[in-house]
Amino acid sequence: MSLPPNPFAAKPSRARAAEKSVFWVFRLATYLVLACGAFVFGDIVLKGSGTVLHGFKTTEQFPYITNTFLFESPESLYVFEHDGKKVEMGDKEYRAFRESVEAKAKLAGQPAPKFKAESYVYSAGGIWPCIVGTVLLVLGSMTIALTLGVASAIYLNEYASDGKIVRYIRLAILNLAGVPSIVFGLFGFGMFVIFLDWNVSLLAGWFTLAFMVLPVVITASEEALKAVPKGFREGSLALGATKWQTIRSNVLPYALPGILTSSILGIARVAGETAPIMFTAAYVVRDKLPWDVDKFSDFFFQGVMALPYHIYVVSSKIPQNEYTERVQYGTAFVFLGIVALIATTSIVLRNKLRGSYKW
Amino acid sequence: METSAAPAKFSVNVPASSSAITPGTASTLIEIENLDFYYDSKQALFDINLKLDDRRVTAFIGPSGCGKSTLLRCLNRMNDLIDGAHIKRGSLKIRGVDLHRKDVDAIELRKRVGMVFQKSNPFPKSIYENITYGLRIQGVNNKARLDEVVEKSLRGAALWDEVKDRLHESGLSLSGGQQQRLCIARTIAVEPEVILMDEPCSALDPIATAKVEELIHELKKQFTIIIVTHSMQQAARCSDKTAFFYMGKLIEYDDTRTIFMNPGNPQTEAYVSGRFG
Amino acid sequence: MSLESAPTIRPFVIEKARTRLFGLTLDECIHAFFGGNAFMAVVVLALITVFLFREGADFFGQNRANLRIYREAGLEYVDYMRQQEKDHTALTRYLFDVRMRTVKYLTGVKGLTMAQTNAQLAAFDDFSSRYGDTVEPVRGIVADLTEVATAIKTKFTVNEDAKEGRRQLLAGGKKDEAAAVAITNLDFKAELAPLVGTLPAFKDASATFAKNLEQVVATVPVLPTPELQSRMLKFQQLTRDYIATFPATIHELETWDYTKPVPFTQSLTAFVFGREWLTASFWQDWYGVIPLLVGSLMVSFIALVLAVPLGVGAAIYVNQIASAREQKLIKPAIEFISAIPSVVLGFFGIAVLGQLLRAISQVAWLDWIPGFPFAERLNALTAGCLLALIAVPTIFTLAEDALNNVPRSFKEASFALGASRLQTVLRIIVPASLSGIVSAVLLGLGRVIGETMVVLLCAGNRIAIPDFTAGLAVVTQPVHTMTGIIAQEMGEVVRGSIHYRALFIVGIVLFSLALLINFLAQKIVRKYRISIG
């Protein structure tokens, strides 16, 4: 018995083959992008993690373990030959060592040994001041940006009626989002550093970064506010609540998790940008830590070291060789790690939150 | 708060006159005069004249977009919140007070004219918090008083027995019908005079609908209820008077029985007999 | 009233007088507060504009003064002469190029040794050295006059500084000291006399130069192939054309007048169309935006050429082809790429990618690719590749959104008609979302054109208009960009100097460009959005 011919059987054809190959091209494009990202990431993690891992040292007192790379200030690296061996030492260590050797030689009545050392700036020690500076910059600017941004979003989503002013505001936000970060840097320099005479300072950096990230925060907050159903507002208003009572007790509490998680992406942006802080807040090198100030107000008017700027400095202002590479890759690794951590947190939290909106 | 002189249901079943719009025996609570209402430049209500009775159930019926919800939302000025919505002519008065008089406060008005929405919208708070929300925003924080109101309101909404053991669970954990009754309870907790219901049963199954309708019968002893509904059976079952709207105009307003049995207007007849809408 | 109404009825009180602050109720105050915050966005945008202009606006005035002294001190006069010398140098370079080709031919095709080749080219070398020598009389005069003009300019600058010093002293109330500051008013006419006086000598030199040139090029050496020979003939022609420009130069010099005013527009055009960005030079500073603009555009263009197919392709793949699980993985991964800070990418470019690309370019069997092999590790291509990685997530996310906004019904209708997936994607989905995709690309462009750190670290930072005669190989040349120059030079300039102002003007150009791109992107979305119900 023969089966009746199947009119719906798949016919092998050129078109079908073409479809398949075109889809493969798209697939390839996608995975190429991912591979590039993975390559950058992998290279920096592979070569940079060593620096951090080598930095671990045990100490006598609490906390018994520390990391010289993470928790010390940058120093110059000295490379010299001693007793036929190649020795590398940080600035302080080198001086102490040299003095001790010279003293020893003097005691023995021998001529002081000659040290021929090559020095590499920033290549020893660690990046603690940069980490501190970046954290301070992020904290300050996000506080400002969140205050302004959430308030703006509340206005746009809850209060504003569609009119000319709102149109202008939305247009401004859209355009602000497209302004290059270096222009924010120039603006911050012109306004805060020069006009307001704040000099290169934390405060100037905070405001510059806050203005830069403002559109991100506003958009994120608006999205979160929009996710709160209209019924919550109407229900509350129909019970005789004022607008502000409604927003405070029936909108903001439900929007807040969304606002915060989406704003974390803004943190990644603030932490990652170099151009805006180049002339407003960042110092190439600064010995004192930020809390080491005489007056409380000085705290706000001091420049700081920052991770992204430090990467720029160590990758462009010092030569590349085996000694400098460690600090270059190490800094990049730590920085990338911090930013990646923030971004991952944001992405994961947001996906989780989207799943849990159930009203 | 017992009503002493509530007339028997459907007792007034004979049209007193040929005029469609006739005040019943109950006293008039709400007066709407010559109301023209616009969304931006689009007119939504045309010259509405209506007198609604105190402590009666009035149903607004009509096809979608006929303006019945708009009129309902005028009564507690929820339309203030919509951009471009405005009254161009005419007035709304409750107990003789013009709702748009300068010294009238929309917030105060809404405390006295409550509203239940089409889609039940309990807040994602506990049942207890839901009920007490209206009082708390008025500054009432006395625990004993709140407890008392919660029980009274839930009993009033015929929900007490079902939820009395889980007052601190989320309002969202209730079933659809229970959620809607919770919203009603929430509304009566602030002791309004009028309760506006905007298609309160359209998202409910028949059993839940029956419960809400039963509740409406109970509530009208204390409250004036205005209900917008799509379901003509519902209007027939639970209202004393019915107003039929079409294309933003009030076509006919009369005792419910008259509207359904003996409508004075051919359009009304076509609608109630299911020929359009 | 309450007596008359029924006892069960509460009075219907809906009036309430609320406490007011400046005529606003509390709720209205809160409203105003939020509104004020939202208005910040507008304020910030306005402030950016104001402060860029505040710092930059003086540039054109200063640049005008800069151009005026260029004329008054006779630098312009000398530059006319120098141009003749420069053109000659360009011609000798052409000659050198011909020699190189000949050498390549002789050693490559003919298989001659280097010594044999040099012997063969003895006549050619003799010719080119004679050709090179002809310029000497002109060169001598230019060298002398350069010193004269520089001296005048220095005098002028010193004088200006003294004037400024006196002004400050006067402002400080120190009259006596101010009077002690010596200021000599420069008499440009007198100062310029020796300069202008050399014109007859220059005329002579120029004439000799022309005569010698003609003599030299009358007989060009014979080269082995017709192709090379034709180049030689072209050289002959070029030289004759060059000699023909001499009278024009003489005319320029004769009619030159140091008192001719520098119009304000010239200050503007010198910036907008200026082909040179030359700062801290001993001779004359030029602030022309063209090399930077071209550099920025070229790098962005390279980035887009790479990023658009990848970004849009990935968006189509993820949105239309990939399985749900793939989607869940790829989308966050690409978002993650966008979080890589640009300075890290820049560092990666310096440390890895630059070398990698150079190594690839030096692979023998790849030398058919234009521009390969190249010697510069940091160039437009390196920066472009990294910028592409920055642009891809932007383009991907926005394009994916646009694809997502195409209603399901379109897709279903197409499938119901028996179209294949590919047909549906290419004929229905992509066209329907095209405006969104185009605006995604534009916003990607905005992103890369404003990117600073990558180009600062990886573009090579050579301030010159890339040599487009090289064809596609132009992408392997180092360039400098607008963002890069601001970041690089802002830290080193003196506040208020012309150079400082020029950087702000570059910032304004960048700002306007960004706004323009944004505007176009929005316009495209709005204009071509199909009305989706």
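A, B and C label the chains in the order they appear, each numbered from 1.
As a working rule, a residue touches a chain if its C-beta (ideal position, glycine included) is under 8 Å from a C-beta of that chain, and two chains touch if they have at least 3 such contacts.
Owing to the predicted nature of the structure, the values given are computational and were not obtained by experimental measurement.
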*Chain centroid nearest the full-protein CA centroid*: A
*Between the pairs A-C and B-C, the one where more C-beta pairs touch*: A-C
*For chain A, which other chain has the most distant CA centre?*
B
*Between chain A and chain B, what's the gap in Å when you average each chain's C-alpha atoms?*
55
*Just how far, in Å, is the C-alpha centre of chain C from the one of chain A?*
28
*Just curious, how far off is chain C from chain B if you go by their C-alpha centres, in Å?*
68
*What residues in chain B touch two or more of the other chains?*
107-109, 112
*For chain C, residues contacting two or more additional chains*: none
_Per-residue overlap in chain A, given as positions that touch at least 2 other chains_ = 242
_List the residues on chain C that touch chain B in their complex, please._
8-10, 12-18
*Which part of chain A faces chain B closely enough to touch in the complex?*
161-162, 229, 231-232, 234-242, 245, 249-250, 254, 358-359
*Show which residues of chain B lie in contact with chain C when the two form their complex.*
1-4, 94-95, 97, 99, 101, 103-105, 107-109, 112, 193
*Residue ranges of chain A touching chain C (in the complex, touch as defined)*: 15-16, 18-19, 22-23, 25-27, 29-30, 32-34, 36-37, 40-41, 43-44, 147-148, 151-156, 158-160, 165, 168-169, 172-187, 189-191, 194-195, 211, 214-215, 218, 242-244, 265, 268, 271-275, 278-279, 308-309, 311-312, 315-316, 320, 325, 328-329, 332, 335-336, 339-340, 342-344, 347, 351
*Which residues, counting only chain C, touch chain A once they are in their complex?*
26-27, 30-31, 33-35, 37-42, 44-45, 47-48, 51-52, 54-55, 309-311, 313-314, 316-318, 321-322, 330, 332-337, 339-348, 350-352, 389, 392, 396, 420-422, 443, 446, 449-453, 456-457, 483, 486-487, 490-491, 495, 503-504, 507, 510-511, 514-515, 517-519, 522
